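We just call them A, B and C in the order they show up, numbering each chain from 1.
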Amino acid sequence: MDTRRHFLKGVLASGAAITTAAVAPPARARETHNRPADALGLLYDATLCVGCKACLTACKTANGLAPEFSTADHLWDTPLDTSAYTFNLIKMYRNGTMETKDAEVNGYAFMQTSCMHCADPSCVSACPVSAMTKDPGTGIVAYDPDACVGCRYCVVACPFGIPKYQYDSPTGKIGKCELCRHRYKDGHYSACAEVCPTGATLYGKSSDLLAEAKRRIALKPGSLTRYPRGRISAPDQSYEAPVGKYLQHVYGEKEYGGTQVLKLSGVAFDKVGMPNLPPTSSAATSETIQHSLYGGMLMPIAVLGVLGFIARRNVHDEDDSAGNGKEEK
Amino acid sequence: MNRMNEIFDLGRDALHGIEQRLGMSRRDYLQFCSTLAVTMGLPKGADAAVANAIETAKRPSVIWLHFQECTGCSESLLRAEHPTLEKLILDVISLDYHETLMAASGHQAEAARKDAMAANKGKYVLVVEGAIPVKDNGIYCKIGGHKATDLVKECAADAAAVIAIGSCASWGGMPSTGPNPTGASSVAEVLGKPVVTIPGCPPNPYNFLATVVHFLTFGKLPDVDKLGRPKFAYSRLIHENCERRAHFDAGRFAMEFGDEGHRKGYCLYKLGCKGPETYANCSTIGFGDAGENNWPVGCGHPCIGCSEKGVGFTKPIHQVAQMLNVTPPLQYARIVEQQGKGASFASAAAIAALAGAAAGAAVMLTRNLGLSHAAEEAERAKAESKSKDPAQV
Amino acid sequence: MTHHQYASPAPVGGSLINVATLVCGVLIAVMASILLVRFFFGLGAVTHINDGYSWGMWVVVDVMIGSALACGGFSVALLVYIFNQGQYHPLVRPALLASLFGYTLAGGGIFFDLGRWWNFWHIFWPGYVNVNSVMFEVAASVTAYILVMWIEFSPVFLEKLGMRDAKKKLNKLLFFFIALGVLLPMMHQSSLGTMLVVMGGQVNPLWQTPVVPLIYLLSAIIIGYGVVLFESCVAASSYRRTIEMKLLNPMSKIMLGVLAVYLVVRFGDLVLRGALGEAFKPSFVALSFWVENICFVAPFFLIGNLVARRNPARLFLAGVAIMLGGILLRLNGFLIGFDTGPGWHYFPSFPEVMVTVGMFAIEVFGYIIITRRFPVLPREDVPVAH
């Protein structure tokens, strides 16, 4: 009789604890973050890109990165993907006869891949030691190798597959674009944008770049317009050129809450390696779950209290019974 | 081999003839033939054919017309060095009408033209330099009282071949720059049929010379593209053979005339170089006859696309060029590249072995447990039946 | 019966040198030499992990699956101390030992995989910690749990060393550590599942769900019981002892109950989210999904009725099935169902596999040594009253 009573009490008590805990905090949904007001970023226009890869070279020079070889003769830096030694890369979309630039069928197109500097970065949410941080002012997602433990959660969390690790080093660290923030003090800005001959990569405030992107997709293909180069504000290196055929979508405007690197393309984005993402970031979902369960440690402490109460009674019972007739030999 | 013997035999016979006629040593002469053959991209041994053609006695007649031009194309030819132009045009071809170079003028000159045309009917080569105005019935260019439009039609009628030299004759050139008040047009447009064009402002003289010698040697003009341009000279973009291409590929650009990049010889794309959309061979053989690196880019000024319709004299000099014909190398990264290492024999074998061993052990243990359980059940059944059987008590 | 009588634990005794320990010793030596290379030359020198599959065998198998298989202690403690089923008390020490080893190894094994392992203390240091990170919570909770388990297990050492007084004092506080020992695994086993959430669409919809913490928690409890079934049978068979059928039989019934709840949650979630269609695509991933769930359903056919539960062979197989299901649930979520984009391939390298094998060899090796020399398993030569 006693055992059954104890058992039922235990069940009821823990059930009560879990129910209260489950009902109390779900109201703490964590909203997806937006871009900060003064966020800095890039606008990449695939229709302007000619695939010259000057941006790749400039990035490697600015960041002191080693070349990567993918051909038999180790003569040219020919990375096939971004890596811990290649922060920025131009990839080529090829289809059929590859006759027409920016055509999805029988055409070819270029797409840049580098850190998107998300408004709500998965890597920042995932990193347990704050090695990945988002600057509250500029919004740049920065990496601190001194804090990093090399767990590579950021590598698996990023939907764009950007943070990459140096597997060939016993003291490896993550490598990714940080918008050349180390060059700002010398009056420079992102090296890729500085060198781009056609203005395909443009640097500036994300709000300005988003406005520029929207201006471009509203233009009539074939008409002439001015395209800025380098930095969107000053100095003026703009030039006149015919408008290409844009998809009516600025990639990065809303994906996962928005990104600070925006992209325009003539070919469908999922065909050029840019994933289809919802407007709610996965960081928001993950943190909502964590905050609901562990916010303020309320639920764990409540549950601990109930468990402790039950365990104390049960352990005492056993000590008594153990003291009675156990030691037989 | 036979050809060579023939030439040498011919040479021995006519050795003095060639030397005297052209005033050059045999070595220089053969060198010249070789140069022309190479310029045209002809196969090995063709220089002998070229030599033979030139040594043939009869010099073909050439009628050279000038319309809306600056005479730069003729001037460019005058700068040809090997051989000098006068030796060529006096001894290899018969230049029967050239308003700049001939001594005659006025009615005498026109008469000479008509005579030459009549005497060589169907066999002379017509070269046109300069654009032809068609506006207002073509009155904006007249020579000897005749409109340019009429002249070109008259001379082209009995010509064996028509060559338009220079951008003006090829597609309108500088006189056709908007708003084109005179209606300057190309030879092909006026004649209503395609002709061989040697565009450039001016073109490298060897493009023209090689075309003419090809005609002499093989009796026909060299392969041309759909605009009539000989493929040996105009099938590649300037950008494809530019000596500053490595700077372009590495992203090293001059931003202003005189800046550090400019002084270091960096790529001029950002200053408006039209190399990426201009088909010509200036980057390969240089400009004029001064050798390589002597062309606008080599001197530090962006290419203005002077040979290309729609680019030269149309687009502003410093406007960024459009990239034509992007052919990246095979190793250009694709959107999807295969990366990562799959199963190695050792690891697959190890995992298979482990799985096998674990499965085997599990099967064995299950069997043993099952057997001992069955034995226990049998024992228990026996014991139960024994206890139930009163006879055993 | 108000009080439960059971035999007190005692060392099994016998020689420490036998085939099992020798084989384990060799495997451990192989592992040590591979790790030497890893620490001198980097992860890329011994593993096949790459930027498309940055978490490979060492993280997913050694750490995540290893800790799940170590849930025996948690599941039994839940039963004995929370639901007051004292009759299962003899199962506590062996389960606890397996848990202790499993978790300590999983926690230690992390160091093999961390690229900048010398900074590991950052994960506990306030100046560095990111409280929003699921991994932080897992790391803190696992570390705390390892400490708690060592404390929970200390009576064994105190007994062996004959320190009765110290043991008594500890016993007074034990309830608190036991409570922690039930709370902490609930936290980190569920959060190991939550770690999938931030990976978003890279995880196949069959395993990516907002209720993933509940799914992982339930499966951890079930795996705990499955591991107890497995280990009881193996230990009994190896040491030529009788199996505690009177305990395993009813315990497995409880396991089936929790398993039923798990399957309802699992498939209910799949149907509600409309994700079940993914399971019918002709792919290796879909196949792996079905194998995983067949393993979870199999126990109902193996030990669904009382007669079947009396057969230790069936209990053993049910335990194996549960363990396989639990392993596959985690393997599928983190590796097989993980897709960061086309073009990436991963299969563990031979040295990678040998390190994992070495880890499990350490566990077996340690289990043998401690059960033979320390009072863990119930004494066999004493008739047990029930």
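Everything below uses one rule, namely that a contact is a pair of C-beta atoms (placed from the backbone, for glycine too) under 8 Å apart; a residue touches a chain by one contact, two chains touch by 3 or more.
As the structure is a computational prediction, the values presented were derived from the model and not from experiment.
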item: Comparison of A-C and A-B (more C-beta pairs in contact); value: A-C
item: Farthest chain (mean CA position) relative to subunit B; value: C
item: Chain occupying the middle, per Cα centroid; value: A
item: Whole-Å gap separating subunit B and subunit C, where each centre is the average of the chain's CA atoms; value: 70
item: Intercentroid distance (Cα basis), subunit B paired with subunit A, Å; value: 46
item: Inter-chain centre distance, subunit A versus subunit C - centres from mean C-alpha coordinates, in Å; value: 32
item: Per-residue multi-chain contacts in subunit A, two or more chains; value: 81, 273
item: In subunit B, residues with contacts to at least two other chains; value: 336-337, 339
item: Residue numbers of subunit C (touch at least two other chains); value: 50-52, 341
item: Contact set on subunit B toward subunit C in their complex; value: 336-344, 346-348, 350-351, 354, 362, 365-370, 372-373
item: Partner subunit C, residues of subunit A touching it in the complex; value: 2-3, 6-7, 10-11, 14, 81, 83, 122, 124-130, 145-153, 155-157, 159, 161, 164-173, 273, 275-277, 282-283, 285-287, 289-290, 293-294, 300, 303-304, 307-308, 310-312, 314-321, 324-329
item: Complex contact set, residues of subunit C against subunit B; value: 48, 50-53, 233-234, 237, 243, 310-313, 316-317, 320, 341-350, 352-354, 357
item: Sites on subunit A touched by subunit B in the complex; value: 50-55, 57-58, 70-71, 78-81, 89-94, 101, 108, 111, 195, 197-198, 229, 237, 239-241, 271-273
item: Of all residues in subunit B, those that touch subunit A in their complex; value: 248-253, 255, 269-270, 276, 319-320, 322-323, 326, 328, 331-337, 339
